[in-house]
Amino acid sequence: MKRDELAASLTARFGDRILGVDAFPGLLGRVRFDSTIALELFRAFRDDLKFVHLTMVGATDWVDHREVFYVLWSDADLVYVLLSTNLPPDAPTIASAVPIWPSANAHEREAWDLVGVRFEGHPDLRRIFMPEGYAYHPLLRSFKIHEPEDLEVKVRSD
Amino acid sequence: MSGQVPAAPKAGNPPAAPAQIADMPLEVIGQPGVPFVEIETLRAREFIPAAKEALSSLLKEQAEGKLIRPVFNWAGRNSLFPLHWGLACCAIEFAAAFGARWDAERFGVVPRSSPRQCDLLIVNGTVTWKVAHKLITLYEQMPEPKWAIAMGNCATGGGPFRTAYSVVPGVDKLIPVDVYIAGCPPRPENMLDGILRLEQLIKERGA
Amino acid sequence: MWVNMGPQHPMTHGLWNLRVRIEGEIIKDVDPEMGFLHRGIEKISEDRHYNEIITLMDRTCYVAGLSWEHLFIIAAEEALHIVPPERAEYIRVLSAELQRIGSHLMWYAAFVQDLGLTTPFLYGMRDRDLILDLFQTYTGGRLTYEYMRVGGVRNDLPLGFTARCRQVVDWLMDRFVEYDRLCLSSTIFRERCDGLGLLSAEDAIAYGVTGPMLRSAGSRRDLRKDRPYSVYGQLQFDVATANTADVTGRYLVRMEEMRQAVKIIRQCLDWLDDNPGPVMASQLPRWLGAPYAPVGNEAYLLKRNYPTGLGFSMVEEPHGEAGAYIVNDGGEHPYRVKFRSPVLINIWAAKRYLPGYRVADIPPIMGSVDVCVGECDR
Amino acid sequence: MSSASLFSVSDTIAAWLLAHIAYVFPPPVKGWLTSGDVVLGLTALIFSAILLGASMINVIVLIWWERKLLGRFMDRRGAMHVGFAGLLQNFADGLKLFRKDTVRPTQADELGFWLSPTAYLVTSLVIFAILPISTGWNGGSLPLTLLLALVIFSFAPLFIFLGAWASNNKYALIGGMRSAAQMIAYEVPILLAVVAVVVLAGSFDLTTIVMEQRNYWFWAPLFLALIVFLTGMLAEMERIPFDLPEAEAELVEGWNTEYGGMLFAFFMLADYVRYLVGSILVVLLFLGGWTLPSYVPSVLTSFPLAGIVWFMVKVYLVFGVFVWVRASLPRMRTDQLLRLGWMRMVPLALLSVILAALVVAAHCLPVLGCVPSMGG
């Protein structure tokens, strides 16, 4: 499968909800889509295009928007494809891919923990790395890291 | 009998608290003119702590003698059981030190899995805030006398992750540390050297 | 009854917590709890030059440091549009395969100790030290190497390295036979491991499980074959698979992978003997590896108009498929670095392959997963 | 038969001591002090002290022997820096553990927590009082020594379970339950294997059993019983491959997870006392005790205390076999262990009883020209 064929078939199916199919080095392409068609697009990729492996789910904070990307692998074509969508920074919410690929569970928990993207329909959307109740999403650009001062630690252990 | 004993406390005065008696140094209590104990205010419940205190201070003096103490010191420093706990990269070198090439058991260092049976906590890796209170719990579960070694740069001062948001910059913020081992990660030789230095420290400082 | 296994527990081989709900000795439900070693590597990377991130890569997975350096380097070179010389690629592949043997030996040592076999643990550690000695001769480090660079590798192999390396892998080939005799021919070992932790290929793919766990279920998925990166396309080797999908199968796959790694190493050594040359690309941007800005001179860090790019790489790491995604927005530091850790997914899938077995089966099953918490939590 | 015995040695020491003490007292007290009852009482005390001291020293040397041997199996050297070749290492460990704080968890049951290690150690040590070491070197000589030893040996699960329950820890409780199940399961094959020995020897007295082995050691006709007994002993002693109760991989330290300091030292000591007793029983029942085959030159058997020396050599070799097993076998699972015990070991033990009966019958056949050798 070529990138042009993929673009043609996707556009034929989803119309202008597919914002573009860009070139990406080493991959089949980078499909930019509107976040409202997430579940249908995922299902199309898994069932029709045979992208059965979900390799990676991640998110990037671009300050004015947040990008969520999915990397899929097709056993038939031996190729990766990257799906990417932009979410508004004040309400970054997208449908969860867990019903399509169960392996999205841990990836989405990680994306929620670090970048603060909410996944609607996720069965167990808790923080995975930071402790429960942590106030920040550390991979946001507004979260600065710094040299620790000589801090006074008061630890209460029960 | 009552003539021998100084007058019982007046109604207005608060009775002498036995805790204060126990707190007084022994030589003061035993001096003439100073009442040893006030019999009339003494009940068994208060006598036991006082007697315990007197006895233990006596034993402590004895233990500081020349005979027992060096033997126990020798025993303590030659048999350090570290806790079998791997935190991060240094844990791999920690394990390698028990491998065939370095064999830390030569020095009597045998890792145990239960903190109750350990007397050495080797913090071998990065300590995050999420695990900090568990580290303290483990340290508190170890019975006295106990020691701690900060192995590697992360445990000493945060190492390459010092600026990270989730990392404790130095485990000495959480527990008292006796020996720091530099290196990222330290080689097994360094770890053994740290343990031998701790033995030297115990020899000089006492348990 | 919920039992916490971890974070200080001999089974975990690292810093994570397996919460198990048991009835009698039967496991009903599990809930792996991670993040005790989350060191914010992705966040720190946004504040570092590309060559400085390599330092973090060694510590991300401390048993397979060179594999993770390889992973990052491929993505970074893609994002920065740099092509390394071929000799550097061969040295990288050689390092990655040596690292695969080292990592599998570490796994072997930890796994057999979970089963109560104390002697092979020491044998595994002893033979792994030989690999680490090889690393010391050309990288200088035992665990943390900082060897690969964007555009090549730091230095060439020293004189006499290839001969010594051949000796070591020959010795190791004999040891693999010994390991099999210690484990596979032991009835108790087979009784403990056969039919344990079953995970079919379909389930493994659905749950994202990769690496030896997937190959032990009969799948022939290996990124080195399916999507040859670096110079793997020019090397001859087989994909190790097993059909049992259980703990024994994972053992067999890893043992066979070590033998195949020896095969690759020999080819690499032959090529390296015949083809001397540079190990660093000649055309490199001057700012690669530049030091931090002096205090009060923050203008130095202002974004300049370097070419932007996206880098994506997947490598077959000893634990499974590791991925890196790098966004280069033209600055000196990457804008975003995202890693895919195989161990995180493999542990997480314990919800699928652990229930139904006994408490005593947890150590062999989780041991066969090959846990490295550093890359799991990052 | 050597002239000295443990009893005569203690008797001599007691009489000598009392004679010197009585010297300073007036005649009536002197007469009472040197009377037979007092001497006998002191003799018993000295006897116990010697036994206790000797067994403790043996136990500690046994730990050293295991650590060195295990080190060699693993391509390393074991403890070597404390004392000559690490001989003092275990003394250091013991002293350190005795000095350490003993922490009792607040949720633990106080009585059980303190009682179980002590009772475990004491019941294990008591067995030494009746085990013969050489001709005349034994304590109580009862007609049912073997049975009594095995009865005391099987007290242990009670105290292990008590300690496990009292420490109020999930790992410890699971370990204690496993321990009880395993020990009770393996009592049966052990006793059956012992029955085979008893059939052949015709006595429950350990000294007689050893004496009955003067022609041939019992491992030759009773090889099956030896295998069953060794396996059962491994299970009773909770060593790899049967160390499930303290399986380090899943239960942190098993039933002694919450024990530290002196109480943990008690548990460790009692464990090694049981290893020693187990090895001694194997030597007594199957390997001819302190006797050597008749073709061994008499130089090797005629020096003083030769019986004890050869006995200890055998005991340490048998324990070496246990260490060898530990170094080379993985751990079993509970259900596999119980299945092995009931489905394999019990039939094998029954078979060995039949074999023993056949051997006895063969002795009675005049064809072989043997005299019935059933002494007891």
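Per-chain numbering from 1; labels A, B, C and D assigned in written order.
Keep in mind that, in the parts below, a contact is a pair of C-beta atoms (placed from the backbone, for glycine too) under 8 Å apart; a residue touches a chain by one contact, two chains touch by 3 or more.
For clarity, every value in this text was computed on a predicted model and none was experimentally measured.
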- line: Output for shared partners of chain A and chain C reads B
Query: For which chain is the distance between its Cα centroid and the global protein Cα centroid smallest?
result: C
Query: Which of the two pairs, A-B or B-D, is linked by more C-beta contacts?
result: B-D
- line: Per mean C-alpha coordinates, the chain lying farthest from chain A is D
Message: Could you work out how far the Cα centre of chain C sits from that of chain D, in whole Å?
response: 49
Chain centre separation (chain B, chain D; CA means) in Å: 37
Task: For chain B and chain C, let me know how many angstrom lie between their CA-based centres, rounded off.
output: 40
- line: Residue ranges of chain C touching at least 2 other chains are 9-10, 35, 38, 40, 43-44, 47, 122-123, 126
Task: Two or more other chains in contact with one residue: find those residues in chain B.
output: 99-100, 113, 130, 163-166
Statement: Within chain A, the set of residues that touch 2 or more other chains is 129-131, 138, 143, 145
- prompt: Linking chains that touch, what shape results: line, ring, star, complete or other?
  reply: other
Statement: Touching pairs here come out as A-B, A-C, B-C, B-D, C-D
Field: List of chain A residues in touch with chain C within their complex
entry: 24-27, 30, 52-56, 58, 60-61, 69, 71, 75, 78-80, 82, 101-107, 110, 114, 127-131, 138-139, 143, 145
Field: Complex interface listing, chain D residues touching chain B
entry: 67, 71, 74-82, 86, 88-89, 91-96, 99-103, 248, 252-253, 256-261, 264
- prompt: Can you list the residues on chain B that touch chain C in the complex?
  reply: 83-89, 91-93, 95-96, 98-101, 113, 115, 125-126, 128, 130-131, 134, 138, 160-161, 163-167, 184-185, 187
- request: Under the touch definition given earlier, write down the residues of chain A that touch chain B in their complex.
  value: 129-131, 136, 138, 143, 145-148, 151, 153, 155, 157
Field: Footprint of chain B on chain C - complex, ascending
entry: 7-10, 13-15, 35-41, 43-44, 47, 55-56, 59, 62-63, 106, 109, 122-123, 125-126, 128-129, 142-144, 373-374
